[in-house]
């Protein structure tokens, strides 16, 4: 591999990693920090992409559509938590698995009913549609750089919020002992509703951001779901920093494995995960 | 005999392959609707089951259609793995199985069977002619790329077969784990190799993503993109301008200038509100084929041998041009070289006229 | 004087088993009240019923003249009640500092007499362990933290369930001192503890539970008179 | 009782230069102690002195940073946690550590079965083993929990759970008993029961008792060790320790004993 | 008593007699016999998972690896055109799977909770890609088994595997045996330790049990039975496909086991039958079966606190 190709792949890896973090960020919040096993996370990623497509078709403006989609996702999140998830906090964790798998079915069916099964695409917003030449042949789209920056921003905000603010402490405390948090005079139910909804919204935002650079297809959320879990778990449950580093690691490993050991590339992130968990059974940065 | 003819469909109606299943079904129903008058008064009853593209469920569903629903025709599937599972149950049985898409070589190769027909293609067919096209264009060094699964690998092999036979060289063969759609690393590598052209097999959502990435990373203007036609089937709208100018070979093209095609396209558009694609055509041809056989037999399809004979001798007046069946029950059909223009697959030329699959290993 | 807390006729069940059989008592502002009883008599259940953690089937809880029976727990605590649970209720993923910071607030009157700093001064042991996680503390340290966490909410009523369990004698004395101080500043406390020697001197009111019923409820002087009776209830 | 008598007794457990560091914190620093058979060794010290840490090391729950632990003269600090119990070192926990979903009897049965064997018997029913039940019931009765035998452990009160905790250790019939604040949270009567029981048991076992209930410690201990901040302050008979001014300052405080 | 709950006994006496007689009613419909057979096979698989997840607290998302392995192993070790002995190959396959489980269990059991879920998933995915990428194993198209084994013991043959009804009874017998086996296991002293470890591993270690060994044994047992289920599945239609190993297969099994009532063992049968039954009915009713399936699953989680078994127990158990 030449140096320039190496550098390009390095950037590819980082960019992919950042995108992974964006997709996994909501899961980090909901699953890692709050301890709610939401398998419908991937579905919300899909819903985000479909929503933005739908609104772009109708409004023509990507920015506006992104905003509307995020708000809708937030509302869906609130609804999900209020009506369903909330009933299960006192129950076995695995009931959440069952519940959210039921939700995946529902989301998939609705997607089919509302938008059909054809692959869809959203154009890159005009303001970000240029590209920066990298080598003779290769250029780098500005939109991808924009998304990468967005990821870094979200990571920073999340890290600050969870680790440094009182709100973050309350959320974490809720994961550990809900009753006790309530005994401190905090409306943990409302807090959890909001944070859960934010997690759901982040998933949808990731879908929105990914829409212009990928294809919008049924089941797009399920493929990504496992990778998200890999990221959260390698990083260590509840650690934003861990998830961020894990996402970059997965991005880099996947990218380089694709070109260096293509025979193993399908297994590479699993090999990575098994390896890390064998050495550190609690992930890289678990508390 | 006034019982309805039972047509069982094993197609994916949800998930990644959902669009293909939908289109196939639409085409099939449309054809049988149109041919109603030739069915000698027999009605059609459909039994539609979603395979979810899960091969491990295929034998069971096939046996359900065979033994429980007692279907007269079993249509399916889209996915090659599912095709194998179906074959396991249906091969050599009385009921006719018609494959409207899956290209797996063995279906009309080593595993061919009197009661199994295919109205689509073998994965060898659409890709093989592209090798010669590439040679004609003067490409010497080509990178090939596809998902690492049966259909993809068979497509690349077919291309390689004709391309290397004519003196071309495959400088790199990239197999991407299915269903991964992160192509950036591979495309960067291709850019650094800078071959004369790239030949790919992708379909559906992956095809959309690939073509968009190919454009976004700036390769499009610099390295010609060749593909098996599925790259631009049912995906053009989503690909937008990124697909313009991509060259593909397939047994069909939107712009084919024949009466069947014009009629088919306009009435499909009218009925389903969207443009038709190859999957719809294949479904449609399956319908035509059934109708023609029923017609030949005067509505009585209870005699298996006669039915198979009738099907074998059918010439399908398809939107893709007329085609017949090879002894292995695979279409003998034209393969067209197409290019994307204004969001449509335009014919450039006939890349291989009346091309028959070699049907390696078939003893029929 | 209006009562601070008035508990009337609590009947509480765990599933089918009837634990509290009509518990009545009251706390006046500024009073320290002890709740005593042998193991399994329902002390903790009484506290949880008051706080709504285990909702009673019937009965009323009135705090500062307001009926709080049906309210969710957090709203009751917002009326300036603080609780130190048995078993301490540590958060495994929060540091000592965060335990205090997350809980700290001023009360409804806007006062903030107890701050994190004051708690750390009171329990210097915690100062050294600021960045440890709650469950990494020794048993006694956890107990201190649980008390500190309750204090920083600046309550009107502090409820302690076996809060001196596992504390070294010196610290235990310290805790009693703290309770005296907060009592002096007008804060009421409801204490569940087994140390009758201290309680009889520290508390103004004493309540003894036997099998979910109040069998003794009186002031300190009366307690001294019927000490034998009470001790027999407690199995001393 | 004084140290001279102890010297005739067999040393069951011994620590040599035992250290446990948590990052920068020296939870235990260079502790060398001897625990004798048929004696009760009390350990006291302010909160966070490292008492529980010491017990956790002695029972194999933690691995020492440095130093060694000898059981009947053999070093055991490197063996697996479960092997400690197999050597007859049993412990109770400061924070209640039971099987909340099982009945009190079943809780003890798990403990008894370890000793009686048959854990790899896939076929024989666990319910038809009356011997186990009897031993387990006996252990429950010893701690005064006989009447709760068939109640699910999560449904008994906190104090009763503490009793169950002890019953489980007794059920394993260890040679060495490591008790971490067994009386905490227990009522007066129950504490008396446990004290009485320990008084009997200490003639058979080597018992290490960590406890803040001074009455109990002073009454029971043959030897008493005081720890402060991970350091060993002093070891001696109850009287020696009680009057030590350093102990008063660090732990007991001046004045009234009842606190 | 083998079944210590009334619900369990009722289930036992309703299900097995009914299952025994079922083929008589369905004599002319081989499909339904096959359908019931495949549900029973999957129920056996779910049962082995239920033991791991519900009883041992070892949640895995990689159990399908053994399911698929059962199928592929048969293809690998049996000669292609020769009928081998069913029982002998059952033994071989279970043993090899147990060996694989021993190695993998040794690695994955160092972790716990969600980390264990993910590491089991990792190994299963590696196995999945191994089979689906490899041309020798038929890749994504899978493989055919051409000759089914014969089932003679000492020259006496009871089952003809090509006959769906015979195969049905073979699977019913296997399911019955597995249920009884797990009940015996759970009731045993070994089962006591397993329960104890599930509830409080730390305490169990402190009592002197080497919990790793117990977990490993449980893992090996469940995996071998999982492989047996996969072997039966393969024999039913003579078809192996890597999708048997896909994580979605593990996921479905987990769903059925939760639905049935974790840890109850017989709940696995309930869960599988209800789930597969609903799936079958709905997919024949409507193309949008997913919507109804999803809605039903959600309703069931909300209504049944401990799965279907838990719900039945609430209805049927005498109040203590």
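Letters A, B, C, D and E name the chains as they come in the text, with residue numbers starting at 1 for each one.
Keep this in mind: contacts are C-beta pairs under 8 Å (C-beta built on N, C-alpha and C of every residue); 3 or more make two chains touch, one makes a residue touch a chain.
Since we're looking at a predicted model, the values are computed, not measured.
Undergrad: Under the document's definition of touching, what chains do chain C and chain D have as common neighbours?
TA: none
Undergrad: According to the touch definition, list the chains common to the neighbour sets of chain C and chain E.
TA: Where chain C and chain E share a partner, that partner set is A, D.
Undergrad: Count the C-beta pairs in contact for A-C and for D-E, then report the pair with the higher count.
TA: By number of C-beta pairs in contact, D-E is the larger.
Undergrad: Using each chain's Cα centroid, which is most distant from the centroid of chain D?
TA: Of all the other chains, the one whose centre lies farthest from chain D is B.
Undergrad: Distance-wise, how many Å sit between the C-alpha centres of chain A and chain D, to the nearest whole number?
TA: 48
Undergrad: Which integer distance in Å separates the CA centroid of chain B from that of chain C?
TA: Once rounded, the distance between the two centres reads 75 Å.
Undergrad: Give, as an integer number of Å, the spacing between the C-alpha centres of chain E and chain A.
TA: Here chain A and chain E have centroids separated by 32 Å.
Undergrad: Counting only residues that touch at least 2 other chains, which ones in chain C make the list?
TA: Within chain C, no residue touches at least two other chains.
Undergrad: Show the residues in chain E shared as contacts by 2 or more other chains, in ascending order.
TA: 129, 133, 289-290 - these are the residues of chain E that touch more than one other chain.
Undergrad: Could you check chain B for residues that touch two or more other chains and list them?
TA: 13-14, 148, 177
Undergrad: Report the complete set of touching chain pairs.
TA: Taking the chains two at a time, the touching pairs are A-B, A-C, A-E, B-E, C-D, D-E.
Undergrad: Quick one: which bits of chain B touch chain E in the complex? Just the residue numbers, please.
TA: 13-14, 47-50, 54-56, 58-60, 63-64, 66-68, 80-81, 83-85, 88-89, 104, 106, 148-150, 153, 177-178
Undergrad: Which residues of chain A touch chain E in their complex?
TA: Of all residues in chain A, those touching chain E are 84, 87-88, 91-92, 94-95, 97-99, 101-110, 112-113, 226, 229-230, 233, 237, 263, 266-267, 270-271, 273-274, 277-278, 281-283.
Undergrad: Spell out the residues on chain D that touch chain E in their complex, using ranges where they run on.
TA: Its residues touching chain E are 59, 61, 80-86, 90-91, 93, 97-102, 106, 109-111, 113-114, 118-127, 129, 168, 172.
Undergrad: Please give the residue numbers of chain C that touch chain D in the complex, ascending.
TA: 14, 17, 38-41, 44, 86-87, 125, 129, 136-141, 143-144, 162, 165-173, 176, 194-198, 234-236
Undergrad: Touching residues of chain E toward chain A in the complex: what are they?
TA: 53, 59, 107, 110-112, 114-115, 118-119, 121-123, 125-126, 129-130, 133, 247, 251, 254-255, 258-259, 262, 288-291, 293-298, 300-302, 305-306
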